[in-house]
Amino acid sequence: MGNSIGKLFVVTSFGESHGRCVGVVVDGCPAGLPLSQADVQKELERRRPSSAAGGTARREQDRVEILSGLFSGFTTGAPICMLTWNKDSDSSVYEKFRSIPRPGQADYAAFIRYGGFNDYRGGGRFSGRITAGFVMAGAVALKLLKRAGVEVIAHTAQIGDVRAGSVTPAQMRKNAEGNAVKCADPKAASRMAALIKKVQKAGDSIGGIVEAVALNVPAGLGQPVFENLEGELARAFFSIPAVKGVEFGSGFAVAGMKGSENNDVFVSRGGKIVTLTNNAGGISGGISNGMPITAKVAFKPTASISMRQRSINLKTGKSVDLELKGRHDACIVPRAVPVVQSMMSVVLCDFCLRAGLLKEVLE
Amino acid sequence: MGNSIGKLFVVTSFGESHGRCVGVVVDGCPAGLPLSQADVQKELERRRPSSAAGGTARREQDRVEILSGLFSGFTTGAPICMLTWNKDSDSSVYEKFRSIPRPGQADYAAFIRYGGFNDYRGGGRFSGRITAGFVMAGAVALKLLKRAGVEVIAHTAQIGDVRAGSVTPAQMRKNAEGNAVKCADPKAASRMAALIKKVQKAGDSIGGIVEAVALNVPAGLGQPVFENLEGELARAFFSIPAVKGVEFGSGFAVAGMKGSENNDVFVSRGGKIVTLTNNAGGISGGISNGMPITAKVAFKPTASISMRQRSINLKTGKSVDLELKGRHDACIVPRAVPVVQSMMSVVLCDFCLRAGLLKEVLE
Amino acid sequence: MGNSIGKLFVVTSFGESHGRCVGVVVDGCPAGLPLSQADVQKELERRRPSSAAGGTARREQDRVEILSGLFSGFTTGAPICMLTWNKDSDSSVYEKFRSIPRPGQADYAAFIRYGGFNDYRGGGRFSGRITAGFVMAGAVALKLLKRAGVEVIAHTAQIGDVRAGSVTPAQMRKNAEGNAVKCADPKAASRMAALIKKVQKAGDSIGGIVEAVALNVPAGLGQPVFENLEGELARAFFSIPAVKGVEFGSGFAVAGMKGSENNDVFVSRGGKIVTLTNNAGGISGGISNGMPITAKVAFKPTASISMRQRSINLKTGKSVDLELKGRHDACIVPRAVPVVQSMMSVVLCDFCLRAGLLKEVLE
Amino acid sequence: MGNSIGKLFVVTSFGESHGRCVGVVVDGCPAGLPLSQADVQKELERRRPSSAAGGTARREQDRVEILSGLFSGFTTGAPICMLTWNKDSDSSVYEKFRSIPRPGQADYAAFIRYGGFNDYRGGGRFSGRITAGFVMAGAVALKLLKRAGVEVIAHTAQIGDVRAGSVTPAQMRKNAEGNAVKCADPKAASRMAALIKKVQKAGDSIGGIVEAVALNVPAGLGQPVFENLEGELARAFFSIPAVKGVEFGSGFAVAGMKGSENNDVFVSRGGKIVTLTNNAGGISGGISNGMPITAKVAFKPTASISMRQRSINLKTGKSVDLELKGRHDACIVPRAVPVVQSMMSVVLCDFCLRAGLLKEVLE
């Protein structure tokens, strides 16, 4: 269990890194949305690895197939099953690590959790590869949200110690796809790419932060207290492998702030109530307040590195040295940009449906 | 909707700051747990305001009453309804702010969300006061977890720019309740208390961070991908008012780390598999790995401050000055310590039940 | 767990027959519905026992108290906690039956399920008394549905071998409350009352059937395949103690029918699509089709009878004779009429909210 | 939404009658269960149409493919996606019925529900064909239950006015698969087959009843009040197309019974507590009591008949005559036997997992 998310817009994930396929069932998309394989493929392409950004050498075509829920080019209201067949998996290197858990990976926890029956090849169910399914679902969500006028954008805000400068949504929209690291600040992007190259050369990996913004979200979405917007978004973000922190608006920085600094002051702008600052990240009391929803998601460095590491042989209980020769990303962050965007879209779709918004848009 | 959390251990919250009561229904507690009103009262006391830590002047007795689910001193397996009657609420000051949203509060978002019908008195449903119910639920969860040998502890790790030094679980257990700010580092505690006094005097407020640790959690809890341990914990933490960030293990710091630094190395210690470091915060691939689960939760400064602030009159659309004379905490963080602890316990209880653990403990 | 029902209109039940109270939390009622204690009390009165219909001698006042979710006479969008305090419980007779399960009751199953910790007094959590909470929730649902123009009515269709003749909705509305057995067919009502008297005199009890109809339900409600209207209604009905069967439209009779008899033929009446017959009971493919939704719910005879019965002593394993002196209903069916109506209303409310209907009605 | 069922054993259905495939995702199956494509295929075969029982002329091979969740012949704990590709669909006949709803079908309700965007071909999502997915899920559940010693069997209890005599579980196990109508009473089976032939010849169809029994279910499964065993089973049964009634134990007959007749008397048999009768159908207070769980499920006659019928043209609003030339079953009941069995198994699996039972079995 635990492979479904959402209440009215329900996404069920399936598939493994080296199994037959990776896929998703999207249940709850209203009928009547124009949708094509190309719509989904477009988003999947954004998730593919780029060698310029230290991406894995595994070259999956990631061609999406839509198996259900579509008829004559429109969604039918029935569940949409989508998948991509795995074609370039190489499981040969994983056999010997079966009893030697790789540091930083889920190998050991999964071994205990599933009594050794989990598909360990390429990380199996814990691989970043399953996020291909997240992006398929996100593609549907993005299209739906567009109907309601909501836009979700994202970019790489930090790689290692390289931080992007402050960027506007317009810059994010324009620049994020213009470079391999998907950073909206072109100068920082170059330095990020250089840093990735450097750690990759050393056989190491590096972490980073993805920043996501939802624009034009109507005020009033969210269910206090337990199904509030921040909690549901955080849960969705933490379902992305390698995420270790999530914050909204000024996030952890609020710990050092005074109320007089942090409180966002309301003013009227062209008849609309807005706030002068957005420390709240567009969410007050768990409910959208009409300002842009801003979130930051921290990714740890890829656990798979080619440097020699120490681990333990679970059978003998003895320490061993370990060298990984699998193909992996030196930095997962650029590829995580569309994934974060997808999960944000999926959650916002759910809340729009709960508020009865998208229904009206479609009919 | 949205006022329930959990799958097998389900907590439903109800009540308002200035309504008749604040309460909770705990559904899913196995039968046979010894439980008394005193067990719950003890935890509630820890949440009460301390004037030494800038706590509100509102003095609720917070006497818990258990209305159901208990028989002859044991839980029966039936839902446990608990509440505390509100006695010291003063709603007089709130009437005039009905159309003037207080900065940093949920007033405006709630107004839009509920079409003006929400109970605005004292923040109503958005008040920190509803967390009294969270703590009641947490008291049950803590007792249950103790049966499984799991311990959940917490303390104040940061107030404003004052950070606690690194503390061991033993210190946290021993020192956290020894001072008004609930910080396990006594030196930092004094400076935190002084800082709170200072901002309180200025009519301002200050934010901070609560750190929580779960010890002795068995490896193998958690459901990848969408109901993983981090996601469910984060969702629970974000249901606490004023939380703007959540991280596990090394959290946001992982963004600046290399894989070779961040990967926790497995070793065998006394026949048990452990890791030398705990950057993962006890969770790998969303599943507990047997190491302590560590989380940090960032709280923004209390939105209610007595300094003059600007806002807008929703009826006239004009900017106005605003002075709040309600009773409020200059820093909510010390009182949030048992709340964070409670939500962590509630989630872990749920996962223990899913894993069939507590059942065995009880019978 | 298992004490909540609904997705967007969530009802959580708590309380026991001889505990402090019986209550309910209704979460998901939109803000802005006028609601008073009297609205709920009115429905509760309909559930009270009538000696003319063999009702129990236990005389609870059943005064509802609304503890939360209401402000200035309107719902606020916050969870509505309602309860009634138990005042006339007499637990003295139950102690000796602790180890002797009463035939037809849940005693034995509950003993096993809860390891002997369940509150056995008066049936505890399994008592029909908990349906007082169902009716409180139903009162809110009925008011909400009225806003959408939906009406839910019910009556006693059968007691023992006495069957009501076919009645129109108008007759049901008019006559059902006019007699103690709540049967819309006055002639049958008299015979039902006489039958109940007779079995009561013999120290026995008798079963029956409640029929419920929802009028003016818009076509298009329901979610195939697993959250369809029939399935969700059936689940709600089976949560009422003593229910052993549920059917829609022609129900079990369809087993003996041919397609040419059972298929409802579409015609146009005043511009509206209707069917000439309603064998489908207003539900096709799990979705409302615009015709009245009709359901029948079968209740077994009250298990508590004063006749001598055989049972077994769980401690000794020996057969014993058993005489029950508690106060009980000779026929539960008339009192179940408002309960069935309530559960039908609760489910329809949920589906209306999913379809975005009630939202529009309120604003 | 609405295409998932279960809490810990979650089944998500997808696919359409004339789309690319029909499938299912089973989430929550514990790791370590031996499972092969053949295990699932075997159950699917039981659902295939038999011309001897009036089955449809559509001849789908129904070869199952398992796409995920399996590794080296064992389940891995990951979601199991299974499907069968549609090969023999003929959509040509359906185009003209797009605006003429077929009597007894979901056409009209679906048209309203989905604004005309639903895939109407062959009934689309409302076709009995989607139950192929139910049977795939059931095959997994049946294997799991066997581990816990639980057996679920079913047979055809009634077709039209032909009722099977009372049969023992042993007869059901032995005889149900021995004839085309899947009735455990061989004499009744012949008359049923003859009746089906007769209505088929007349271009008509006929309804019936499936009876299911779960043996060796441990006492104590079920969650009162809203997630009780009867309610959850009923919801699962009503998700099968054409079901109009569900009853447990003596079912609707209890309406005519007295308490002294209906109460099942406890006795001790070989150290085990049993009841002399089983009017409760193995469920007391919503909880299993250790006796066989018995259910009856009423199916309406197939809506598709080749006799001329009246309907209405939704565009013109005029009555029209309608003749259906599609391929369809004259009686769906025999093919529904494995489907009822599957849904019962799916629900019982969920409850066994909630009770922590299957976990122990596997490890």
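In order of appearance the chains are A, B, C and D, and numbering begins at 1 in each one.
Here, contacts are C-beta pairs under 8 Å (C-beta built on N, C-alpha and C of every residue); 3 or more make two chains touch, one makes a residue touch a chain.
The model shown is predicted, which means the values in this text are computed figures rather than measured ones.
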| item | value |
| --- | --- |
| Pair sharing more residue contacts (C-beta pairs) when A-D is set against A-B | A-B |
| From subunit C, the most remote chain by mean C-alpha position | A |
| Subunit A-subunit B separation of Cα centroids, rounded to whole Å | 27 |
| Geometric centre distance via CA averages, subunit D-subunit B, whole Å | 45 |
| Centre-of-Cα separation between subunit D and subunit A, whole angstrom | 38 |
| Residue list for subunit D, restricted to those that touch at least two other chains | 1-4, 7-8, 13, 113, 125, 354 |
| Complex contact set, residues of subunit C against subunit A | 7-8, 354-356, 359-360 |
| Complex contacts: residues of subunit D adjacent to subunit C | 1-5, 11, 13, 101, 103-106, 108-110, 112-113, 125-126, 130, 158-161, 199, 204-209, 219-228, 230-232, 234-239, 241, 243-252, 254-268, 271, 273, 275, 279-281, 283-290, 296, 298-305, 307, 309-312, 314, 317-319, 354 |
| Of subunit A, residues touching subunit D in the complex | 1-4, 6-10, 12-16, 19-21, 23, 25, 27-28, 31-32, 67-69, 71, 74-81, 83, 113-115, 117-119, 121, 124-125, 362-363 |
